[in-house]
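Chain IDs A, B and C follow the sequence of writing; residue 1 opens each chain.
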Amino acid sequence: MSEPLSFELSRPGAQPPRLPEADLASPGPADILPAGMLRSNPPGLPRLSEPEIMRHYSRMASLNYSISEQFYPLGSCTMKYNPVANEAAASLPGFAALHPYQDEDTVQGALELMWRLERALCAIVGVDRVTLQPAAGAHGEWTALRMIQAYQRSRGEVRTEVLVPDSAHGTNPASAALSGFHVVEVKSGADGRLHLADLESKLSPRTAALMLTNPNTLGLFEREILDIAQLVHSAGAMLYYDGANLNAFMGICRPGDMGFDAVHMNLHKTFTTPHGGGGPGAGPVGVKAELVPFLPAPTVERTNGHLTLDFKRPRSIGRVRSFYGNFGMLVRAYTYIVAMGGDGLTQASKDAVLSANYLRKQIEGELEMPHEGPCMHEFVASARNLSHQGVRALDIAKALLDRDFYAPTIYFPLVVPEAIMVEPTETESKATLDAFAKAIKEIVAEARSNPQALHDEPKNLPVGRLDDVAAARHINSYLQGLSEDPVLRWKASV
Amino acid sequence: MADRRYTKSHEWVTVDGKTATVGITDFAQSQLGDVVFLELPSAGRKLAERESFGVVESVKAASDLYSPVAGRITAVNEKLAGKPELINSDPYGDGWILKLELTGDLPADLLDQAGYQKVTEASAH
Amino acid sequence: MPYLVHSPEERTEMLDAIGVKSMDELLVDIPRSLRIKELELPAGLSEFETMAQITALAARNRVFPDRLTFRGGGVYRRFIPAAVAAVTSKPEFYTAYTPYQPEASQGTLQAIYEFQTMIAELTALDVANASLYDGATAVAEAAMMAHIQTERTEVLVAGYLHPEYLEVLRAFSEGRGIKIRKGSEPSSKTAAVVFQQPDFLGLLTDAEALTEAAHRVGALAITCVDPISLAILKPPGEYRADIAVGEGQQLGLQPSYGGPHVGFIACRKELVRRLPGRLVGAAHDAAGRRGFVLALAAREQHIRREKATSNICTNHSLCALAASVYMTYMGPEGLRQIAEVSFRRAHSLAKRLAELPGWELAFPDRQFLNEFPVRVPKAPAMIRKLSRKGILGPLDVHRWFRELKGVVTFTCTEVNDPGAMDELLAVLES
């Protein structure tokens, strides 16, 4: 099935929507503004009637996979069920209709929700305060590094390096570089965990922080985390926690207790806010006492039951976005936390770990497992054992799409060749896990008997593999003025 | 053709009198995948040995390019703008990237064929 | 417990299959000293009890009716067609993942491609990206682009830029050694001149003059625009601005106490490689079918890592979808009508307000669209009085600008019917 673009369906005579009239005598823009300020040609937006618009979007929706219909074993993404109650909560007019510049007295419920969410997140990860401002994980990362930088500068320290494991997500070094840090890579050992000797050799008075995920991106708990924290702190540096993998141990242990000074979280991973096809999310950051003065302003304060926004924070790193946070996502996450409670969140993490180990066991005969188990909430397999058949992780991924599964994360982390990172989460039934394992077995069997078939997959989806190389080359032709087709937008003449 | 030398960062260089020609190796292009774009400097610019002078991009990777030698850029391969795929199809010939006028001696640590082979064997997973 | 799936029997089966006796064996890597007994949180609740709690929190907020909302300052009450929520609440859209596997994400990718096209059309620039977090971070990202492109370290902010956008710009610039200067004369050190059109007070600026001033010194012109205004105002591409950014909240998004909204960014083609965030492009499969893919990904953080322009990964895709639906619903004529109705009503209101004793337009020589500053005798008291009568009155801008004592901004859109304006005046006159 395919669906034309709205621009291709557009017709000049389509009825515009009926909208309110001014209903009063008053001059219009053409009467008052100089002609030179006015738009000469209308913008090329499509012209469609409402029935056509709804049909258009419904048909486009059916071209998508989504967690509502398919299993998404995406490592490091925590694609768990998005509770529909959260949606009901966020759309309550008492939240959705609030103007951010309403007087504090008129938004006590909203501020209370933010305050309670902050307290709950503090309890879950073991920190003193949390900023809810960052709009996404990468945004939160950068916010945390800026706070660490501001703290160190306030003590007269100039620390210019940030250490990042070679298994880290790309946003880690990117966020560090944006704060003006030089990024130094720390190696993983053969067991997949951080190589302590290498860490020690790279720590210096120039080190501002070590950024770590725990469990790491291989799904392995850093057993020596307390030693790591000690080493980092002895060097006068701070320890930053990337919360991508927090789903592994809620209620079991806490990053704050491990020695992390700044703890980042993804509400759109661990806390069920929906991915939306690429956002919006939210990336709150928890901090220990030393970093509290540097939190983005305003913070939410509660005195005698009354909530206020505190703007008087002289050492704050400032604002990292407009207003107070992705409030609509905060409502969703808070609703989830209330529903689950401490006991529910703990069981969720346990089930996540159980499911990952179960699934790993089911497919360990089919793909290479570079590291010994047990794993935590995710594991990394490698398709390297199929390389001699000419089959790669990409082919496995596409073959899964053809079997009505979304693919796991592939080619990440970079330290494992032909990596396939699998994170089932706690909201998938055993039956689904078994079906996935069965699909993997079938695909691997096909890889052995008929590898060429895999290269042609997916066959059952609206499109097959798309030639992104040709697209990139066309874009570069356009950017260099060698062609008229922008590729990155629809254009009438093209 | 003059004897080709290599760097650990997968560039090659050949020298003819005072002119050096630079490109990336076959191993590098196969690791990158189909090249879609190169960010390159203009002629006239002086490069130091090991100075980063540009970027070669595929759909899944972007690699910095480092000059194997010190010199002044005398020519940039114009064909690469419209046909970046030359890097993949002919990395040592039509896919050359820069020509430089040498401003110093050749670095002592440039690798020969055997030396570079060791590097690629170590890199390969 | 809510949302958990395994029965106790299944858990036992799974442990057996793994070959361990208990969960403890799976958690063996966690040092005993780190194990906690339990989370210091209340126990979980039924959906009924959960929603009771949440609804009680919502009830402690005051919702002002749309028609009696006259406050703007970057977030506006607009008519949002039912079609927007009907589309964004489709689970295939809102529970979809980032479209890294394009074959399974054509719905999302096509919707974003349409969004990119519409933003490019509105701004009259060459290419727009797939969205950013908000207008504030969009301004900051554009400034970073200019810094990288020109290799200069100063950003000039001309006129009344939204104060929160300026704060965010400062925060982004800190880490990269970029200096922010306020003024109207760029220098050879200036990477970009940033201005807002209409500005934070709602006033129209001489965008062309500022753009020319920037270009004369080799700086980029970055204009922060109101997307609805572009239905009637000359768009950035027409006055040769280099980058246009803005806040897309007015394109179908609820105020939602400040977020999530959506930032947009568009630029001329020479700057496309510097664009932060995702870009969707058209491509074909082996059978010649057209589809959409994430393009030029080599710019992004997961490939470029520390050399990326920006670290943005997750953006505001679903909000961009909402904006797409809104813009498609409106079409060029609908958007124009919204803008014109708002203009007419605001100008009528401004005239009536200026007649109140002691009230005057703060910048009578400047033009505005549908937001305007007025100087009033007792701003805080007046605003409180309106609030008591159920009206969300103007925004007191003195809180950000010391020189604007007594100045408040009123906003009027298509949701403020003439009867509502009468009610407003009646309270002010009493």
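In this section, a contact is a pair of C-beta atoms (placed from the backbone, for glycine too) under 8 Å apart; a residue touches a chain by one contact, two chains touch by 3 or more.
It should be emphasised that the depicted structure is a prediction, and the values quoted were computed from it without experimental measurement.
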item: Chain whose Cα mean lies nearest the overall Cα mean; value: A
item: From chain A, the most remote chain by mean C-alpha position; value: B
item: Centroid spacing, where centroids are CA-atom means, of chain A and chain C in whole angstrom; value: 19
item: Mean-CA-position distance for chain C and chain B (Å); value: 43
item: Centre-to-centre distance between chain B and chain A (centres being mean Cα positions), rounded to whole Å; value: 36
item: Chain C residues counted as touching two or more neighbouring chains; value: 273, 303-304, 307
item: Shared interface positions of chain A, touching two or more other chains; value: 468, 472
item: Overlap residues in chain B, where contacts from two or more other chains coincide; value: 36-37, 57-60
item: Touching residues on chain A, where the partner in the complex is chain B; value: 384, 411, 417, 468-469, 472-473, 476-477, 480, 482
item: Chain B partner contacts - residues on chain C that touch it in the complex; value: 273, 297-299, 303-304, 307
item: Interfacial residue positions of chain B with respect to chain C in the complex; value: 36-37, 39, 57-62, 64
item: Partner chain A, residues of chain B touching it in the complex; value: 33-34, 36-37, 57-60, 81-82, 84-85, 125
